[in-house]
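Read from first to last, the chains carry the letters A, B, C and D; within each, the first residue is number 1.
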Amino acid sequence: MEQKKQTYQPRTLETNLPFSWKRLFFQWEWMLLLILIAVLLLGSYVSPYFLNYPSLRDGTMVFLDKALIVFPMAMIMIMRDIDISVGSTVALSSVVMATLYTSAGLPMEVAIIACLATGAICGLINGLLIVKFKELSAVIVTLGTMILYRGIAYIILEDQAAGGFPEWFGFFGWGYVFGIPFLLIVFAALALLFGIVLHKTTFGRKVFAIGNNPTASRFSGIKVDKVKVIVFMLAGLLAAVTAIFLTSRMGSTRPNIATMYELDIIAMAALGGVSTAGGKGRVLGVVIAVFIIGYLQYGLGLINLPSQIFLIIVGALLILSVAIPKLGGMMKRK
Amino acid sequence: QGAPESSGTSGGESNDGPKKYAFVFKNTGNPYGEKMLDGFESTIKELGGEVILRSPDQPTAEGQIQIIEQLITQKVDVIAVAGNDPDALEPALKKAKDQGIKVLSVDSAVNAASRDIHVNQANPERIGRVQIEAVSEMIGGEGQIAVLSATSQATNQNTWIEWMKKELEKEDYKDIELVKVAYGDDLRDKSVSETEALLKSYPDLKAIIAPTTVGIAAAGKVLTDKGLEGQIALTGLGLPSEMATYIKSGVSPWMYLWNPIDVGKGAAYAAYELGEGNITGELGEKVDLRDLGEVEVVEDGEGTQIMLGDPFKFDETNIDEWKDVY
Amino acid sequence: MTNEFVLEMKGISKAFPGVKALNDMQFQLKKGEIHALMGENGAGKSTFIKIITGVHQPTEGEMLLVGEKVSFQNPKQAQQHGIAAIYQHVTSYPDLSVTENIFMNHEIRHQVWKTLNWREMHKQARQLLRELGSSLDPKAQMNTLSVAQQQIVEIAKAISTKAKIIIMDEPTAALTARESEELYRITEKLRDEGTSIIFISHRFEDMYRLASRVTVLRDSNYIGTWDVEDISNEKLIVAMVGREINQIFPDKKTSAGETVLEVKNLCKLGEFEDISFSIKSGEILGMTGLVGAGRTEVCQAIFGITAFDKGEILLSGRSIRNKNPQAAMNNGIGYLAEDRLDQGLLVDWSIEKNITLANLSDLSSFTWIHRDKEKRQAKEFGEKVHIKATSIFDSVNSLSGGNQQKVAVAKLLTKELKVILLDEPTKGVDIGAKAAIYEIVQQLAEAGYAVLFVSSEMPEILGMSDRILVLKEGRIAADFVNRGITQEMILEAAMGEEQVQEKSG
Amino acid sequence: MEIKTENLDLEKKNPLALFYQFRELGLFFFIVILCIGVQLRNPSFLTGENILDMATNTSILVILALGMMIVLITRGIDLSIGAVIALSGMLTAQLVAANPTVNPFLCLLIGTIIGALCGMVIGLLVAKVGLLPIIATLALMNIFRGLTFLVSDGEWVSSYQMSESFVEIATGTFLGLNHLIWIAVIFCLVFFYFLNYTRTGRQIYAVGSNPQSAAVSGIKQGRILFLVYTIMGGLSGLCGVLWVSKFASAQGDTASGYELTVIAACILGGVSIAGGSGKLAGVLLGAILLGILNNALPLLNVSPFWQNGIQGFIILLAVIVNAIVKRRVERIHLLRRAG
């Protein structure tokens, strides 16, 4: 017995890391924060209307609607998947809601629930197709459903617009609570919720695990398919929430709303440090990235730059922000 | 539900210096729109105002709402908008009106509640009817015709098509049959496919009306490539520069359009009058459009509008003058 | 001066950020010799050969090829100097054909047209494979082959470059005894043709069988080079692990209890048929067979990863059906996957998160993860299996193969289990770590687990098991009680009589 | 000592290997059935003229899909091609407008060079800086589109400004076939040769199939990636010229969103997003299916409001049917092997 103990040396494993400034500061979020500050300074420099509370506050209402989807999109990208059907899901849920209210004459509350259900079902279909037909990959499936969902929206509403919602419905897009836009409050709440779910709970841990190694995750007893379906459903659901806010802001809807949203959303997530190679990303980074892109666009709008310049600036920002750390890493290695 | 605190007390009045006139077009890079913006810009400058020209990069209402928000923050005095959607801009434009900003729509109307007045490039009834008259003349009052429109939800196009159908009910056109309304979505490739499909599905087709600049150019191209000039007539609304080739080759004997520069000008005068408080958009008011003449504010559904004359006819005789203009 | 050595490495050091992987390494390779390189997991063997092949560049030291100083900036240069390598983790192109895998980057082209000469390449590939004793179809797609077949393709690839030096990093890790035998034959043939071979393995049999000299590494340091005849087994182990290992296999103290797992007539089309066995609590059931015999498939079917067509699984007399791994684990069955990089571990993650991954529900309330508990558990189980690392936050990537395997074992132990299925738990693991794993397995059995121990290595099957199950082509070929059983008896069952006769004949 | 080794070998042909030869079969049958269906509804579908029209209209898609295929094989993606088409088309059109005598071949060359330059930027970012292709091309899509608007300053180039010879590029015929068809056919042949009979072509597959192993076998991965994006860019640039010539009009929003159509053609044709696999025949079928849909839906007099939905449905149906057929065949082979 004694001899056996000697076959190896006992070792201890450290469970506390010594404090390190490097670890604290070498984080993507700091870089993003710097960019955000730069954007705010730039904004106040170029436009006198930019840097004051009402302006910054109302500015958020311009870009936060689509930003709601960025959270589940981040989850999807962490799982090495992608969902390019979210814009179409927004359109379909919105059209369903408006049609049920205007044509079917259902109460608005019911129409809103139907809108959420539509979004969730769209997400569910994406998720189910993806896990049932693994050989297809998420890009293919959501490319197909992207065309399909918008197609259905066209079938329902054809060339009509549907609107004339009750007065109170405008609250979603235009309302304030204690002087803070309702949309901003919802965004903050969702950020907190998704931050907790992704970083503090078993569900979030599983999402990261799947992004890192789906096979090993399955072998470790994670129900990979179930997690995936849930996350895609969440994306659909939040697309529906976006549909509510967007429809409320516009007061009416059409089948062509929210075109190209998916690309904006993916850009926000990517700038926020979510890697489409999977397994990486933080909600905090994504939140900062949303404000960077949003305020940049808003600020440039205030000085009436043509929107094509804005395209170039966002593109360049995206590349620089992702490339600079890589280049830095390359330098260090040399 | 807290009431929104207004981000600035009022629009124009408190501002000294030149007044700010903003024009929001449907999207950037639209040739027709660019010309309209040119007309607006030069006129406002002449009148001594400050001009802001903005368009989203996609032709969506969402993009226009964003821009309108930004214009409100900048405390402009007048917003002129060519709406991507008649209703969807209502909340944003109402917010602008609440803050004392004058709103007018140009080219594509927004609904009555969200504007003070609409500047109509031409009388939609005339636009519709004149194209049927033209087609009838081209095909000798007899045969199948088809319409190639833009997107299925373009409001002005749909209005014109309605008027075309009304015109067709007349006894004179009893031998003309409208076989199909196709939609090319204002995309070149789609418009080409749609045109080709029309030719195949309706071998006896005599004419195509394309009340959209992209559609008519695409159709002109298809008819040219297939060598169908003289067999199938093409008319509609097109840009002289894009249509010059086809008008000269006879593919399209003639077509119509108003002068977008003049539309921009008219919008600028109307905006100026609104901004100066000379008019309010009430029915019956007279608006002085300087060299475009004086027009009366007339009814348009629940709102009011002014109209800028008949569509202009472009044919062999005058196309060369115009093709370099726009 | 003529040079005795085709390859000479002097004072090679290599530092990775934070890790010194090699320190002052010395190495000499003669023409036409098979030179074994041995050492514990993480000793630096793979790093060393990657330096030779130009994948890594050394931080210090020089390299002489036939007396001439060289330095390779990339693998292509090493290839051009006649160095070929078969890497530890098979590096094939799964979507491409066998021929393409063999000739990638040194394709045969038409003299005139400079286009790829497929016919010639297929022909030569077939030829090469035949020389290696295989009649694989050169047009077959790589990912349809078994690991052993892929290994053969890798060897064919190395030979096809007409290399003067061939390096094999643990080529036998995935092979069974019989396939290893085939590999020995090929290797010897190459040596006889004048090729120099560096051979890395954790199996002593490989070294004794093949090598004429052996170089030992320990903790990134060069320990020494010996002629194989001159060094005893004990001395070699001391050189490798720095201390004596008196006993590799723990004493068996079987006290089998109740039957825990019973498998009845399990069938899966095309994979296995009619598998029946039972394991008692405290018992270690060895399972062996040739590659592709279906052992992994059986384990995975029991664990709920793949579905089976017919049959029944009973746990403590109760029939269970595991729809997925989660269900299996809840039923008390654990599985250590054969391929730890692909199926066992999340290599970018820390040791801690890997260990706790399967057991998150116990570490959380209302799905909120308690970090303290998590750290404590990771430490407890990490130490239990003696992972060699500084902290639980080290990434699994940075560990050597053996230590990675220990992480996978630790992960398994966090769940309350009754049955554990170990699929090749010592694959690619050094002698010290092997002893440690054997001991852990024995302790598990003593603690009342029913253990299924799958292995291709005869000594460990014989040394560990209470009973031995031999699979052949998806069927049970023999079921021995491990008393007086010899390697020959097992091989005979695994291969079938005809082949054994031929072998001895 | 001689050991027999049947056990290690594939005496029977491996089931997967067999099926891979017929991987496009499902798609092919799908197209045949679709064609029959359409023909029954509208007899003008399978007329010579319509088939030629269809081929002409699908040519550009085919050319682009070839490029996208090799990008996808290397595990990449290129979302910027629509913008590159617009940029090169606009610049070339401006050149022609300013200088009507310029030789059409020169135009094609210039467009290709402009596109290749754009592709090189992407290639550098992906291969040298190590950006993920989806991010890099998403960003550059914005930038190229913005540049197009900037260089055109909102103006457009229309048919009367284009010389006869320039418009001829895409409308002229040779031996009764439109030039576009010829160009597409030539590119198909070149790509077939390139992918199957050149070293570089095979290295593209190698890099996509297993980047690590490509690195240890000494393949210069960076160079392959750079090359692939440059080729894609060059093809986009070329198609920009063809596009402008075909429609005799160059505008800022030319081909916007077209990248998705091209990607759809590739994945319909069985190119794996995960890299490493993809065959020319499949991509061709994928592009043809989309071409047929574009042509057939208007011919069938399908309501414009239904076209989007039907198209999405058919794309999904096609990939799912293909996946199911593939599984079936695998299962049959398994049975045969077991039996």
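Just so we're on the same page, a contact is a pair of C-beta atoms (placed from the backbone, for glycine too) under 8 Å apart; a residue touches a chain by one contact, two chains touch by 3 or more.
No experiment lies behind these values; they were computed from the predicted model shown.
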| item | value |
| --- | --- |
| Partner chains shared by chain A and chain C (touch criterion as defined above) | D |
| Most distant chain from chain C, judged by the mean position of its C-alpha atoms | B |
| Geometric centre distance via CA averages, chain D-chain A, whole Å | 30 |
| Rounded Å distance, chain B centre to chain D centre (Cα mean) | 37 |
| CA centroid of chain B to CA centroid of chain C, Å | 73 |
| Multi-partner residues of chain C (at least 2 other chains) | none |
| Residues of chain D whose C-beta touches two or more other chains | 145, 148-149, 252, 272, 305 |
| Chain A: positions in contact with at least two other chains | 154, 158-159, 260, 306, 308, 310-311 |
| Touching pairs - complete list by chain label | A-B, A-C, A-D, B-D, C-D |
| Residue ranges of chain B in contact with chain D within the complex | 27-31, 34, 57, 152, 180, 182-183, 188-190, 192-194, 196-198, 200-201, 203, 217-218, 220-221, 225, 239, 241-242, 244-246, 323 |
| Chain D residues touching chain A - in the complex, by the definition given at the top | 77, 79, 125, 129-132, 134-136, 138-143, 145-150, 252, 257, 260, 263-264, 267, 272-274, 305-313, 315-316, 319-320, 323, 326 |
| In the complex, chain A residues that touch chain D | 82, 84, 129, 133, 135-137, 139-141, 143-152, 154-155, 158-159, 260, 263, 266-267, 270, 275-277, 306, 308-312, 314-316, 318-319, 322-323, 326-327, 330 |
| Touching residues (chain side chain D, partner chain B) in the complex | 42, 44, 47, 49-50, 53, 57, 145, 148-149, 152, 154-156, 158-161, 171, 243, 246-249, 251-254, 294-295, 298-299, 301, 304-305 |
| Footprint of chain D on chain C - complex, ascending | 53-55, 74-79, 85, 87, 91-96, 100, 104-105, 107, 109, 115-116, 118, 133-137, 139-141, 143-146, 148-149, 152, 178-179, 181-182, 185, 269-270, 290, 292, 499, 502-503 |
